[in-house]
Structure formats: C-alpha cells, structure tokens
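Each structure below is given as structure tokens.
Next, two complexes with chain A in common: one pairs it with chain B, the other with chain C.
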Partner chain A sequence: MLEQERNIAAWFYLAPALILLAIFIFYPIFNSFVLVALEDYNYLQQTYDGFTLTGNFRNVLNDPNFGQAMLNTMLITFVSVPVSVIIALLISVWLNAIPIQKIQGFFQTVFFLPYVTNAIAIGMAFAFMFNRRYGLINWFLGLFGIDPINWINMGASYGNAMITLLIYITWLTLAFKIIVFLSGLQGIDKQYYEAARVDSASRARILRRITVPLLSPMIMYITVTSFIGAFKTYTEVIGMFGERLGPPGDPNSMTTIVALVYDALDRSGVPGAMSEAAAAALILFAITLVFTFVNMQVSKKRVHYG
Partner chain B sequence: MQNVENVEELYEDEQKIRFKRRMRLALVYAVVIFFAIFIIIPFYWMVITAFKTETQVFMSPPMLWVNPVEWQWVNFSLALERAPFIRYLANTVLVAILSTAGTIITTILSGFAFARLNFKGRDVLFMILIATMMIPGEIFVVTNFLTITSFGWIEDQTFVEAVLAMTVPFMTSVFFLFFLRQAFKQIPDELYYAAKVDGKTDWQYLWGIMVPVALPTITTITILNAMNTWNAYVWPRLISQREEFQLVSNGLRDAFDDTAGRIMYHEQMAASIIVTVPLIIAFLILKKYIMRGVSRSGIKG
Partner chain C sequence: MEITLQNLTKVFQSKKEDEVVAVDNLDIVIPSGKLYGLLGPSGCGKSTTLFMISGLLKPTEGKIYFGEEDVTPVPPEDRGIGLVFQNYALYPHMTVKQNIMFPLENLKIDKKEGLKKAQEIADLVGIGHLMDRKPAQLSGGQQQRCAIARALVKEPRVLLLDEPLSNLDARLRLQTREEIRRIQRETGITTVFVTHDQEEAMSISDEIVVLDEGVTQQVGQPQDVYDKPNNLFVAKFLGTPPINLFDGRIENGKIMIGDAYIGKSEAEDQEVTVGIRPEGFKIVERSSFQVEVEFVETIGRDTTLIINHPNVEVQGSFEDPEEEGDVTTVEDTEFEALNLEMGSGKSIQDQKTFRAIVDADYGVQPGDTVKFSVKPHKMHVFNKETGELV
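Right, the complex of A and B next:
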C-alpha cells in the first residue's frame, strides 16, 4: 500500500545514522581519491607539493614488500577459500545426516566455536602447537617416524610458514561457512530427497544433483564473502607471527595487502604516507571489485535460484 | 511356495539395507568426529599449556596431559601481572557497551524510517547504503584516522578521547541497519494502522510495538556487535596513544611478543584463555541468537 510521503519525519529518524555514515563512510570514500591525488601530503602541517595521478600508486608498487604481499594474499585466497568451502560443505552435509538432534546440536556447537574466538588468542595457540621442539604437531608426526619440521620458528622456510598460516586460516574460517551451509541445508524441502530415494539414487549423485544445486545460492554467497575476507587477511598473520609478520629472522615474509595499508599508516608523520595508505586501500578495493564481478558472472551460469 | 521365497528375499534385502544404513551412519560419525577433533585440538592445547609449569612447557616430547592436582592456576595471576589485563578488559567492556548502544539506537531509528515510512529517495538511498557494504574497511580507516585527529582526539589524548575515538565511528552499521529493516518489515502493517487508530504517534509505535517484536533481532545485533569489539585489533592499536587505553587483543599480542626473548607460553596461553572464555560462555548461552544472525546474513533479503 502506498502511503503519504513523510519526508520531515523520515529524515528525523534517519539523521543520527546518516550523520555518522556521512562522516565515517561517505566522506572517507571521497577523501581516498583526494589523498591519492596529492603529492607528499603531510597531514600534521596540512601541506602538499602538488598533484599526481599515479605517483602514490607507484609508491605502493615500489614498496619492497608489495610483491610479497600480493603473492601471499593471492596464495591465501586461492588456497584457503576453495579448501575451506569444500570442507565446510562436506561437514555440513554429514552433520545434517546425524539423525539424533541432541548429538547434532553438540557437534554444531563444536564446529561453531572458532567463530567466537579471538583471532589473536587462538593464533598464538596455533603458533605454539606448531613449535618445532615443544609443539603438538611435530610430536604427532614423530609417531609416524617423521623428523621434526621447522614450521614457524627461526629459519623456517617460506613454504612451511605459509602452510601453517593456511591451516590456521582454514580452521578459523570454517565455522562461519558451516553455519550458513547448515541453515541452507535445513531449508531444503525433504521431498527432493524422498524422490531421489524412490529412484534409488546413490549418495554421491544426490549430493551432486540435489544438494549442491539447491545450496548454490549459499555456496555463491559464501564464496564471494570468503574471497573478500581472504583478500583482507591481516589479524590472522598478527595472531600467529606478531607484528613482525613472519617467522623470526624473516620479517614481512607473511605480509599481506592490508598490512601495506597499516604499515603506511604507522609512518603517518612521513610526508606521503597517508596517500600511500589510501592508494594501497584503493588497490585492495579494485581487486575485490574485480573478483566479485567475476564471481557474479560465473554464478549467473551456475547458480540455481529455486 | 513362490510367495514364501519372495518374503524371505525381501527380508534379506531389508537386512542388507539396514546394515548398509548403519555402516553409512558409522562412517558419518567417524568423519564428523575426526573434524571435531581438528577443531577442538587448539583449544585443548591452549588449556593444557596454561596449566603447565615452565619446565613442563619446555619439554620435548611435549606433555599431553597434566594431572589436575598439579594444575598451575598461578599462571593466570602471572599472566594478569604481565600486562594490565584487568584494565584492558574494563576498556573493552566499556567500548563494547558504548558502541553497541550507539549502533542499536541509530539502526532502530533508521531501520524504522526505511521499513515503515514513505519518503522521497528512500529506495535510492537504501541502494547506496547497501553498495557501501562492498567497500573494504581499510578505505575508511585511512581517512577516519585523519578525521579523528582533526577532532583533537589523538594529540594529548585523554581516556575519554580515546574511548570516543574507539566508539563514535562504530556507532552505526549499514549491515545491522539492513538486518533490522528486514525484521521490521515482517511486522504486519495492520499493527501500525491499529496503533494509529488508538491515537499512538510513530515514536510510541516504534518503541512500544516494533522494538519489542523485533527484540530477538536486536539481541542478535547486540551480540554480534559486542563480538566485533572484543576482537577489534587494528583500530584501537592505531588510535590509542597510551598503553593503558588499549583493548584486550592489543594487550594480549604486545605482552607476549617474542622480541623480549623466550616466550612464557604457559602465561601466554593463560592470558589467551582469559580473553577467549568470556566469548565462549556468551556463545553457549546465546547460541540461538548468534547462529540465527549469522545464517540470516546468508539469506537474500
């Protein structure tokens, strides 16, 4: 039903939120583009040396850590997202197959726990688990006669440190995906499964032909948000490696794009640092946009909106 | 004769199917338990390490179990001495309460406008707000730091200024606004017209009827927002100019960095437990609301 317009009343109700959004969301978007256009901007003295179109972006690209940050972010994204989406999907399907509600509820609670943990606290627990001499992982591997591996301690290889980080990120991000998938599974009409049973379709076939297509909007949603989340990886690295962003003796080897933003912000007094931070953030935004767009295109063909 | 055979065959088939079903269920349990262990182990390791003595922590191979009689409860008080954790916890609770209260009030008011009122540009404005959810927060952080500085909340920072800087930028949220608007929209219009007939104003209708009806959603928003503050790391680190103004995550990371030499893992893990347990308790009590909030966010509105 169309009601009479109530403009004054509406703006009164909107005002508190809109004022805050204007200052802390809309203005920053606009100002980011201003910042990247200024050369050697010094916010303390409010001075700058002129304007530049690409200078600040070039500063980011020339940052000694840029290549490493790009590589790490891409590795984290393209390994941890598919792996955790698939594992989360399988766990959800199996969890949903448990017939006794109480037991299912118990396991649900277990799988959701990582969602409510502090990324710093549990990251430190992971770091100690993977400790070369005193850690649980090397003890376990030792049971199979595998020599202690230097995962994240002094002198650890890039590959080992990255594997440890990937395991941690996968562990941390499973919970959210399982919650979403489970709620999706529980919304699927049981009739589909009954029909499949009448046709005596195999389990794998049911999963491929019924569950995955009907869950595809959720899978799509999870994939997009996980990609965006993975591009923004930062506190996970801090939790595991500290502000050093790498194993001892190898600082910044685990750096990410977001870390570039905060590194620049830490140098905020230096002329141009703010613009560099803004440029790095805009690069992150551009990457996010491209991948969201690609995901949307793929989903147009694959996603089944019931 | 033929009939009897058939029945026996059927019976055998049934048993086969039942056996197969049981095997499948056993397999399901095995896999679920395997992954559950994968999830639980870091928590277990955190807890058991927190109860060890220093000698036990630095043993190789590691001790997998410590007799509860020997548990070193003292590690918790040692951890608390390592940094002003009580202060950090108090700061975090204060910041969580203020930013959550702000978020609730601003989203209730604006959610009402979007859900219930008809005004010029409503749909366009709503689309613009939704679009901002796609933008990574780092874009905002850079300028917000400058804005907070220009407000004078950085230089010669007082505690009040630090709290303002940590709360004011987070006193609203497009995501929660969207979430609450959906809840408000589900309230039947008839209630509104009935309230109007009773001579109630919009304001009375909002707080007397809409808010109580949407209370589960508001509870969910409260929990999710408080969780965000609890886990906040980057912003408080960036803007707090004094160590004692920081929040728990910052204190936890800084107190146990290994630049100072060997990490006292037992104390580090004890501090981690102090930070983790309140959230887990909140989760166990409010599981229903948290899960609903998260799964709702996955459903197209």
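Right, the complex of A and C next:
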C-alpha cells in the first residue's frame, strides 16, 4: 500500500521531465519512424498513398547530393575529431604546465572564447580570414613568398574549400575539449609526475604513459561526443559558405547529411519530402549508433577508470 | 654512497611575501650503506630535506653531495635515486610488472633483461607472485613493497623513503619496518627515510637526525640520542610514553623537585626543568620524593602509575602530523611549512600528572603512597630558559 503511494508520488515528481521528453524527444523519434513508412506523404494536406518499407530510403540514396554529403560528413568526422582531440590534449597539457595562475587563467579564457561565441558569426569571420584577396591567411603566407591561395572564393577547388572547413571546425570544437581535458588534468595526482621524474621518464613518455592513460576516461567521453557532434555537422558549413553550402560556383559541394535533412524539410510541400528527411535522419542515427558502439568497444580495452 | 648535506637551506615564499624557513642550515653526513632516519614533528622540514635530496625541490642555499659529486644542480631524473612516496604513487593503470619495469624502460634497458631484473627485485620484496595485478588489487603492504621494488629496480645510488609506514595499520607497520630493514641490509644501499614516529625511527635506523623547525637538534645512533639528549626538545620528542618534566632547581649541588631531593649535580644553582623517563623511577623504602598514586594501568609485564604532582611541567604534545591516508607532496611540504608559521599544530595537555613505569610485582594500588628514587642515567636536567642540557 505504502509502496504504491510512494510510486504515485514519484511519478508526480517525474512528470514535468517526462512530459517534456515525451513531447520533444520520444514523439518526434517515434514520428520519424512513422513518416519513413508513408509513401508520398504530403505534409500540407496530410495525405499519403499507402505504406512503404524502403521507398523513402531509396529516395535519399537517389538524392543527387547524397554521395557528396556522405563523403563530406565522413571526412569531417574522421579528420576533425582525431586532429582536434590531439591538439586539445597538447594545448591542455601545455596550459596545465603554466606555473603562474594568472597567465594560465588568461589563456584558459582565450581558449574558451570560441565556445561562447556564435558559430555562424565566427564562420563569417573565418571566411573573411581565408578570403583570397583581403584575407589574413594569404597575407601571412605572402610573407613567406607564397602566392595567394584560392581557399573559398569563386573557383576554389574542393580540396581547398574542405581544408578551410576542416580548419574552422577543428578550431571551433577545440574550446570545449580543452576545458574538459584541463579539468581532468587538474584531477591527476601530482605525485605521479614527481614519481615519473624520479624514474627518469622523458616528457614525451610521461605524456604517453602517464597523462594519456590517466586522462583516458575524459578522452573517451570527448571522442564519443565529438564523433556524434561531427556526424551532425551543419551550422559550421552555413557559417562559412552560407546557404549555398559551397564556394561560389560550386553549390552543395560542402553539403552534409544534416544538410540533406534540412534541404528535404525545405521542400516539405512536395509529396514525400518530409519522409525523405526522416529517412536521412534515421540513416544518420544508424551511422552514429554503429560508431558509438565501436567507440565503446574500444574503450573497454583502452580506458582506465580510476 | 655517502651523502653530504652542506649548509642546506630551504626558504618558502608565501603569497603575502613572508618567508618561511623550512630547513635552516642543515649540515649532516649520511654514511654510506646505512639506514638513516630523518625524525621530527610535523613541519620540521624533514620531508623538505628528503625532497631536496631527491632533487624535486631546489635548495635555496647550500649543497648536496653524493660521494664526491656535487649533485645540487642535477635534476632528479639524473640523480640516480629511488624514491618511495608516502602514498606510494604507483601508477594505477599499470600492473605491478609494468610499474616496476617503468624506470627500466626509461633507461632504455633491454626488455628481456628488464623483465628478469623486475622479477628478481619483486621476489626480493616478496611480491613476485603478484606481477600481473593492478595496484588497486594489492593490500597496503603489498603496494608499499611494489613501490620499493620500483625504486630499487634501477639500482639507484640512494633510496629515499617518505613516511614509508604511515599508511599501514599497526601490525603491518611492525612487519614492514623489519622488511625495510632486511631489504636495506640485503641490497646495502644507502637509505634515507623520513618519519614523525620516533619508535619507528629508533627501531630500524643505524643513525638518526632529530629536526625541529628546520634546525638540527641532534645526530647520532638512536639509543645514544635517547639516552643522552642534547636538549629538552630531543628529550621530549623521543620515547613512548614521553619523558616526564618537572619544575625543579639546583641548590648547592642538589637537584630538587619541590622539597624532594632526587639527585646530585655539579652545575651552579639555577632554575631547571628536570626530565625523568617513565622507566627511571624505582620504588624504595626511604626517599623524600613521596607521592600518592592516582591511577594504575597494568599492561602485562609492567605497571604504569599515573600520579598527580604539583611540580609537573605541562608540556604541549606533538600532534600526529599526518592523518592516516594523508599524503605529502612537494607542494604540501611547502604548505605545511607555511602553516606552521601561523602557530597551528600543537595542542596543550594541561594535566599535572606524570607516569612512572614500575615492576608489576610491587602490586601498587590506586591511592597508595609510594616513595621513589630516580635512576641517574634516566634523568636529564635542562636549563629553564634555553632548554639546553645542564
């Protein structure tokens, strides 16, 4: 009896969270599975021509931009995530080694700034920095006698545009990683480092054999969340290239899977477009699930939990 | 390897720009192949001294020699030392084997040879069968031995131990201190260890130095230091239960506590503090030192009498500096030194009682009146002002 009363009370306490989750998370997920199963679903008229199992997925695969989106998303994920994790790790180790508190605090703030700044705004600033004629980057390269490179302007090659995008994404995602790593580093007992010094370990070995293993839970967490984040890349592309999703003259060359979803949603009046968006989202969901699972498996062997 | 500390001084600078002298002009020679104890209360500079020998702390002034070589400018990684931290600082993600191998890998020793060495040293300290365990799967004593093995495996010139027994329970402590003694004897390596526990220091060291507030109080063999303390501090610090202190005076060559005559002295008349070891009392038929027994504690072979006496000098007790499981790092010693300056750390025992350990055969009961004579070699007389031996 008492048990039951308690249960009722518990449900009441949980209700606000559950209601919000149900409306904004569970229902949309459920609904996307429903949408995917409808053929030629018209969002405006709420009509459809029966059911299909694979039709909408086929529509996504037949999308002229699908191959490009897949390639770009994979490139962004498998380049920007490892690169930014490694750079963030090195920067945090360096920051952590700064003995003077004030200087350390200053640099922490500097490195954290991108996190609290709007991705679109920084994207525009970056686009300007990489401008062929006025950009800071080409000016700097010019100091070494390097001819201006067409990064993202009219006629820019796919490679150049992608490199610029990767640099931008890597830089943008560094901030959060550095903060997490830094807090992790500060939690490592200093005696391990004293012991390692007495044991004549070189700095590189200390990093590899002491710091990285002891930081591995943080590295794991950051890697998993970064993979998920990178698979969902979209804002950064808009910030840098605008709605065109590519350098002028080469639209959609920088498109991503999430961009496909939004693109389909944009055409929501067309029969089947909503279902195509749902199908693209589910494909992304499946990819993310698989890679997260792989990550978790790797972590079982590699991560040391205190 | 003989270690010479010459005018070794360490000054810590706190934020408010007041300086704390943690180690003050330390001049000691640590003989080769011996087990040497650095003994003192919390914040006396003993760990600071150890960390300076290791190279993890740089001395403000003075020099450190290993044999003839001046190692003062040499960083810890090149000093050839083994250091066992108070909490062992075993790498938690490595197995025992990997922990022991780590210093060898850093010295680029051939893997096969390294493994052989690691096994040998693990066998020596008695953890040879636990090579594949992680530190968390070891008991405190085993962790400690693993830390010693890691320190010894690279055949250091000097082995340094920071409060090696403070994280162990009482029984393990006894066992491990004998173990440390044995390992030290077997390897013949010059070993310096830090402790606040006088019993621990006395039981295993070949030689000890007693430090207080960074200043050497006395150097010598443990029994000598105990029997012939140079000053009041040393007398108070060594011995459990602690030495009894009385308000006394020297009058015409007689040492007096109140009206009681307890011994002779050749010193001139003065006010003195009389220190008498608890085991320094003998129950006799006739004496002017007559007291009434308050409590009696019988522990096996002897009896401790607890006696109220108006002339007992109230002494501050030495606070146990490190709580169980606490850890000193280089930074902590700095902090501790700064803390001491603020006058924390000592509590007052304000009971005017003293302890006398006598043979259980006397059958003394609470409330009995007994007469004491004092064994002259268990009594030390100190100048009231300076605390120096009279």
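Throughout what follows, the second predicted complex is superposed on the first by the 301 of 306 C-alpha atoms of A that agree within 3 Å, B and C clash if a C-alpha of one lies under 4 Å from a C-alpha of the other, contacts with A are read in each partner's own complex, and residues count from 1 in each chain.
Note that a contact is a pair of C-beta atoms (placed from the backbone, for glycine too) under 8 Å apart; a residue touches a chain by one contact, two chains touch by 3 or more.
None of the values given here were measured: they were computed from a predicted structure.
Asks: By the touch definition at the top of the document, which applies to A:Gln191: first (chain B), second (chain C), both, or neither?
Replies: Second partner only, chain C.
Asks: Should A:Phe78 be classified as contacting the first partner (chain B), the second (chain C), both, or neither?
Replies: In the superposed model, A:Phe78 contacts neither chain B nor chain C.
Asks: Can A:Ile210 be said to touch chain B (first), chain C (second), both, or neither?
Replies: After superposing on A, A:Ile210 lies in contact with chain C but is clear of chain B.
Asks: Applying the touch criterion given at the start, work out whether A:Phe293 contacts chain B, chain C, both or neither, answering first, second, both or neither.
Replies: After superposition on chain A, A:Phe293 lies in contact with neither partner.
Asks: Should A:Phe107 be classified as contacting the first partner (chain B), the second (chain C), both, or neither?
Replies: first
Asks: Of chain B and chain C, which one touches more residues of chain A?
Replies: The partner with more contacted residues on chain A is B.
Asks: Would you pull the chain C residues touching chain A in the complex into a rising list?
Replies: 54-56, 75-78, 81-83, 85, 87, 89, 91-94, 102-103, 105-107, 150-151, 154, 327, 329-331
Asks: Could you pull out which chain B residues touch chain A in their complex?
Replies: 24-25, 28-29, 31-32, 35-36, 38-43, 45-46, 49, 57-62, 64, 105-107, 109-110, 112-113, 117-120, 122, 129, 132, 134-147, 149, 168-169, 171-172, 174, 177, 189, 202, 227, 230-231, 233-234, 238, 248-249, 252-253, 256-259, 265, 268-269, 271-273, 275-276, 279-280, 282-284, 287, 290-291, 294-295, 297-300
Asks: What residues on chain A touch chain B, complex-wise?
Replies: Residues 1-7, 9-11, 13-18, 20-21, 23-29, 31-32, 35, 43, 87, 90-91, 94-95, 97-99, 107-122, 124-126, 128-129, 131, 133-136, 139, 142, 171, 174, 176, 179-180, 182-184, 203, 217-218, 221-222, 228, 231-232, 234-235, 238-239, 242-244, 248, 258, 261-262, 265, 268, 274, 277-278, 280-282, 284-285, 288-289, 292 of chain A touch chain B in their complex.
Asks: Which chain A residues qualify as touching chain C in the complex?
Replies: Touch list, chain A to chain C: 189-192, 194-202, 205, 209-210, 213-214, 216, 304, 306.
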